[in-house]
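One chain, chain A, links the two complexes that follow: it is found with chain B in the first and with chain C in the second.
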Partner chain A sequence: MTGLRGVLILGIPVAVILAFWLLARWERRHNHDPQTPSFVARNGWPVAVFLVVAVSFWALVMVVLPQLYMVDFSFHLKLPPSQRGGPRDVYTLENYQYFLFGSTRSTANWNVTHITAFWLTIVVSMCITVLNFLICYPLAYFMAQVGSGSQVRKLMLLLIIPYWVNELLRAFAFNILFGTSGVLNVILVKAGVIGSPIDFIGQDVALYSGLTYAYLLVMMFPLYNALESLDHNQIEAARDLGAPWWHVHLNVVMPFAKPGIASGCTLVFMLCAGALAAPLVLGGPKTLWFTPIVYDRFYQAFNWNQGSAYAIVLLLTCILFVMMVMRVFRVSLSEITR
Partner chain B sequence: MSADVELDDVSVRFGPFLAVDRASLKIAGGEFFSILGPSGCGKTTLLRTISGFLQPSQGRVRIGGKDMAGLGANKRPTALIFQNLALFPLMTVADNIGYGLRVRRVPRAERRRRVEALLQLVALPDQGDKLVSELSGGQKQRVAIARALAVEPQVLLLDEPLSALDLRLRQHMRSELRAIQKRVGITFIYITHDQGEALTMSDRIAVMNSGVIEQVGPGRAVYDDPATAFVASFVGENNRFEGTVVETRDGHAVVETSVGRLAGRRRNGLAVGDRALVFVRPEALRVVSDGRPAPISCELSSSAFEGNATHLFARTHQGEPIVVTLSRRDDAGAMTPGEKLALDYAAHDGLVLPVGGHD
Partner chain C sequence: MSARTVQRLMMGFYFVLFFGFLFGPLLVMAVTAVNTSQYPQVLPFEGFTLDWFAVLLDDRNLVEGIRNSVLIGIFVVLLSVPLGLAGAMVMTQIYARARSLYYLVVVSPVLTPGVIIGISTVIFWRDVADSIGSESVYDGLFLATLGQSTFISAYCMLIFLSRLQRFDQSQREAALDLGATHTQVFFHILLPFLKPAIFSAAVIAFLSSFENYNTTTFAILADKTLTTVLAGRVRQGTTPAISALAVLIIAITLAGAVLYEVLRRIEQRREEGRARAAAVAERAEFAGEIAPSAV
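Moving on to the complex of A and B:
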């Protein structure tokens, strides 16, 4: 078993480097222009070697390997160190089975708590993404196409400065804002709008507001970037041809900004589904967000193998979901990264 | 259907800056009308005011007799062709042209038929499925024209749409535009800083400077009879001499200038003792070679042979530049720089104008 793991850990990096090298050779052979010198000739071999080593180190050691390790982990049982690599250390689906059925032995009952939390997380993240888009689009449009230079700079500052406060502190601030004896309730009661305080936290209002607010900028910047490169004359041309404002947005502005919308939405969705601080601090007693459950697998149940399985389920579902949505809206991956 | 456009005392103000200063114009239905002026003279502002992107700070815009106050660009019977064309890059040629029809909820089949007819009109048949980025500059131009014509505007507004094209294509598109205007028969209002464009295409021209319309008239009238010193120097090449009026008689005046006494037709209101400018077109000047007395003497600095004409660049003794254009027939052959020249012109080819305010 350790033998296989060792081969994986050492072999994959070598295979990846080899693949890249072959790809480069192939490309040079097929569409190499003899006039332009190769990358190595232009920059010298020390730069080339450094870049290749640094990039592959970063990609493999920092990104790929830990994830692969987690995948490997999720297919093993939790064992005391003495038994690792022993006869009981076999590949198994028990961790995934536990997520679905709440037991490693029977498959009679579904693990309703965890599955509900999982889908709730996905659906709510989706709603928050849509909400975030609805908030950010008009603002980004204003900043990119309408506002004057000084207005845009002021708005930008107002948007950025709150994010100097760290995430946890911001979550606690929302807790204070929305608490039963919090700022909002005090004001509403004093103003006579409501008779008794509303349990914003118990109703998850605090959590959803906190999550929406937390990823506002992540939506804002891709949108702003995309909208900013739109030639204002195109908007005026559409207006001039008789289009009402909603028609201009739906058929001229949004199609143009689609890559920005897509990258903003995928980022917000992924971050939201994987958020930990806000659900921990702002989640009501009845709320079950999926990430705290994953966290509990690691640090309450001390079952890293199970935790890995849970995390991978979340990751894969999110990736699949995002790819599906991209397919529906006909956005390619290369557009998002533009 | 074409409509007349009437500007009644229109001013447009941006903060303290007066972009258009009390402009009044009457443009007849079906006319090809150009607004000519240097960049920053307010001509684009005027166009945007007609199209509805700007509301005048003062005065009225009437199209087909109807007051346009408070109507936005999407509610006016005008269509604008932008300087950079502003075609929608993600749509096909047909979708670009059909956009205005789609906005008006024209059924798909009808839309396709009309787009096809427009593609014929602008000589781009069967190009409807291409993307805009696959077209050449001249083709994009045609798509922009077709897109604007698709909504059947009564007035087509053009904001220097030819400025991005190379010279040959530009000249070709001039006659093309003129032909399209004749065919569709609607009012064209064409903005340009290129006097050649304005003169070749237009029925009438308005010359604008610093927000003020200085003269309105057919091309010939503007060229032959400029109303102000600015128009005289902006429209076509011109030699100008400054001086004081010393003599006036029935429609003519004599001005004492730095090069000597020069005569020319006089605008009303100039009297002896007034400061005045004498304008003489390069093609009105003749080289006097038989020793007769001539009003202007100068020294040749260089000459440029252009085939059908030769330009002589000379300086007077006071150092003022003079341009003479000789037609092939009058061209006496090569001349050497430094040669002394005596220049003459017919008195009715000179024009005496008061020293202009904005010039």
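Moving on to the complex of A and C:
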């Protein structure tokens, strides 16, 4: 097993580079334009070597191989090192079975906790994505189309400053706000609105608002960039033709800003569904969120294989979401990541 | 009250709510850092103190975490800026049929949850270490650097791509016509042109690395960084010392972000000035050309 893996680790990059080289030769032979020099000639060989080495290291050794390896790993059982590669080291679905049924032997009962946590994470992440869009849209529109130059510069500065505040610290700030003896409860009790402190953290209010808060600006910047390039005359034209304000937004502005909306939504959803800091800090004892469960597979259960299977479930969800967004908004991947 | 005033009032109300939501929690946290009470609270404000900041200095783990975070940040910059540059240059040159697949591969880390990048990096390199029989690659700092660079390189690549799109190919041709080699073109034409992008990429890479938690918490293994120490503290319980730490970290990151923004604007202005000077020179030359014929 180890030998095979070693061959894979060394072999795949070499094979891919070879395949690219062959493709390039084929391309040159078939529609060769003598005006365009070859890759090596165009860059000079020291730079060309740097480019090939750097890109293959990044794309293959850092991105593709670890992911493939994790997939392979998730189909194996957790074994002591002495048994690895032995007769018990076979491909199995048990790690995924555990996610569904909570046991590797029986399939009688569903693994209710984990499955509920999974669906809850997806649904809540989607709600937070929509909520963030609704919160950000007016300001993004104002900055892009209405505000004057100096106003926009000031607002931008106000937005950039909190953008770099760490996720953990944002969660901690919400912990102070929402704790049982936190600021909000103290104020509400003093003001006589409520008799005794409300358990915001146990009710997941703290977690959900903390997540909304954490990824607000991730939505803002792509949205603003997309809206900024819209020609204001288009809005004027729609208005002159008698469109009410909400028609202008729904039929002129939003269709134009589609790539920005798609980009913001994908990023917010991905960050929410993969959030670890906020659920760890703001989660109550009964809080359900998927990422901490994955984390616990690694550091509480010490079953890395099972953890990989859980991670892949999360990864597949995110891939599906990106594909769905691309389909619904009819945008390409390069428009989302711009 | 006219419709316009109502609209303005609503907009103002929204602005207050938005920025209140954005800054409120941070301000509350800042106040708790200087309140003498044992539990982080704003009301009642029992008295002003800086003791919570002093508590931090005695914390060995924290100092070690900060040291590691800075080290990893520097390594990440050194690794992801060249990788991002190479990625962007290959993107502009790769033949069309392979481009979309290549784009998918190198941009996918941006859309992958950080925990997954951390997990896959650790699993992969653990077995690489087993295969080559050396534990030296199974090291927290090394893995955290690699794991973070996986997606930070993609950020850098996107920055370089947008700059490369504005590169005037005639500059390259002019240099080649004047007898420069392709390598010289890279070092004397392309790199100077990319300088602002390199600066941006380096700052963004460092900041992203410094504040990363999701990938780092898996990849760091038994070592600690600032964020993992912080996460441990925050989970243990809330004390005003954490607020104090938060205020410090925010102050440092802000100083960095503001400095970066200022430098970037200066550079932008300088470039605009240069473009204007070039336009003026061109016009003067043009005038010089037509002047003799006019006489």
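Note that the second predicted complex is superposed on the first by the 302 of 338 C-alpha atoms of A that agree within 3 Å, B and C clash if a C-alpha of one lies under 4 Å from a C-alpha of the other, contacts with A are read in each partner's own complex, and residues count from 1 in each chain.
Heads up, the rule we're going with is that contacts are C-beta pairs under 8 Å (C-beta built on N, C-alpha and C of every residue); 3 or more make two chains touch, one makes a residue touch a chain.
Treat the numbers as computed from the prediction; the structure is a model and nothing was measured.
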{"item": "Room on chain A for both chain B and chain C (clash or fit)", "value": "fit"}
{"item": "Chain B versus chain C as contact partner of A:V294, first or second or both or neither", "value": "second"}
{"item": "Which of chain B and chain C A:M326 touches, first, second, both or neither", "value": "neither"}
{"item": "Touching partner for A:D240 - first (chain B), second (chain C), both, neither", "value": "first"}
{"item": "Touching partner for A:F256 - first (chain B), second (chain C), both, neither", "value": "first"}
{"item": "Greater residue coverage of chain A in the superposed arrangement, chain B or chain C", "value": "C"}
{"item": "Contacts of A:V205 with chain B and chain C, given as first, second, both or neither", "value": "neither"}
{"item": "Apex chain A: angle to the C-alpha centres of chain B and chain C, given in degrees as a multiple of 10", "value": "70"}
{"item": "First (chain B), second (chain C), both or neither touched by A:L65", "value": "second"}
{"item": "Shortest CA-CA distance in Å separating chain B from chain C in the superposed model", "value": "8"}
{"item": "Chain B partner contacts - residues on chain A that touch it in the complex", "value": "231, 233-234, 236-244, 247, 251-252, 255-256"}
{"item": "In the complex, chain C residues that touch chain A", "value": "11, 14-15, 18-19, 21-23, 25-26, 28-29, 32, 39-43, 82-83, 85-87, 89-90, 93, 95, 97-98, 100, 102-117, 119-121, 123-125, 127-128, 130-132, 146, 149-150, 153, 158, 181-186, 207, 211, 213-214, 217-218, 227, 230-231, 234-235, 238, 242-243, 246, 249-250, 253-254, 256-258, 261"}
{"item": "Footprint of chain A on chain B - complex, ascending", "value": "51-53, 72-75, 78-80, 82-84, 86-90, 99-100, 102-104, 147-148, 150-151"}
{"item": "Complex interface listing, chain A residues touching chain C", "value": "2, 5-6, 9, 20, 23-24, 27, 39, 41-47, 50-51, 54-55, 57-59, 62-67, 69-70, 73, 135, 138-139, 142, 157-177, 179, 181-183, 186-187, 190, 213, 216, 266-267, 270-271, 273-277, 280-281, 291, 294-295, 298, 304, 307-308, 311, 314-315, 318, 322, 333-334, 336-338"}
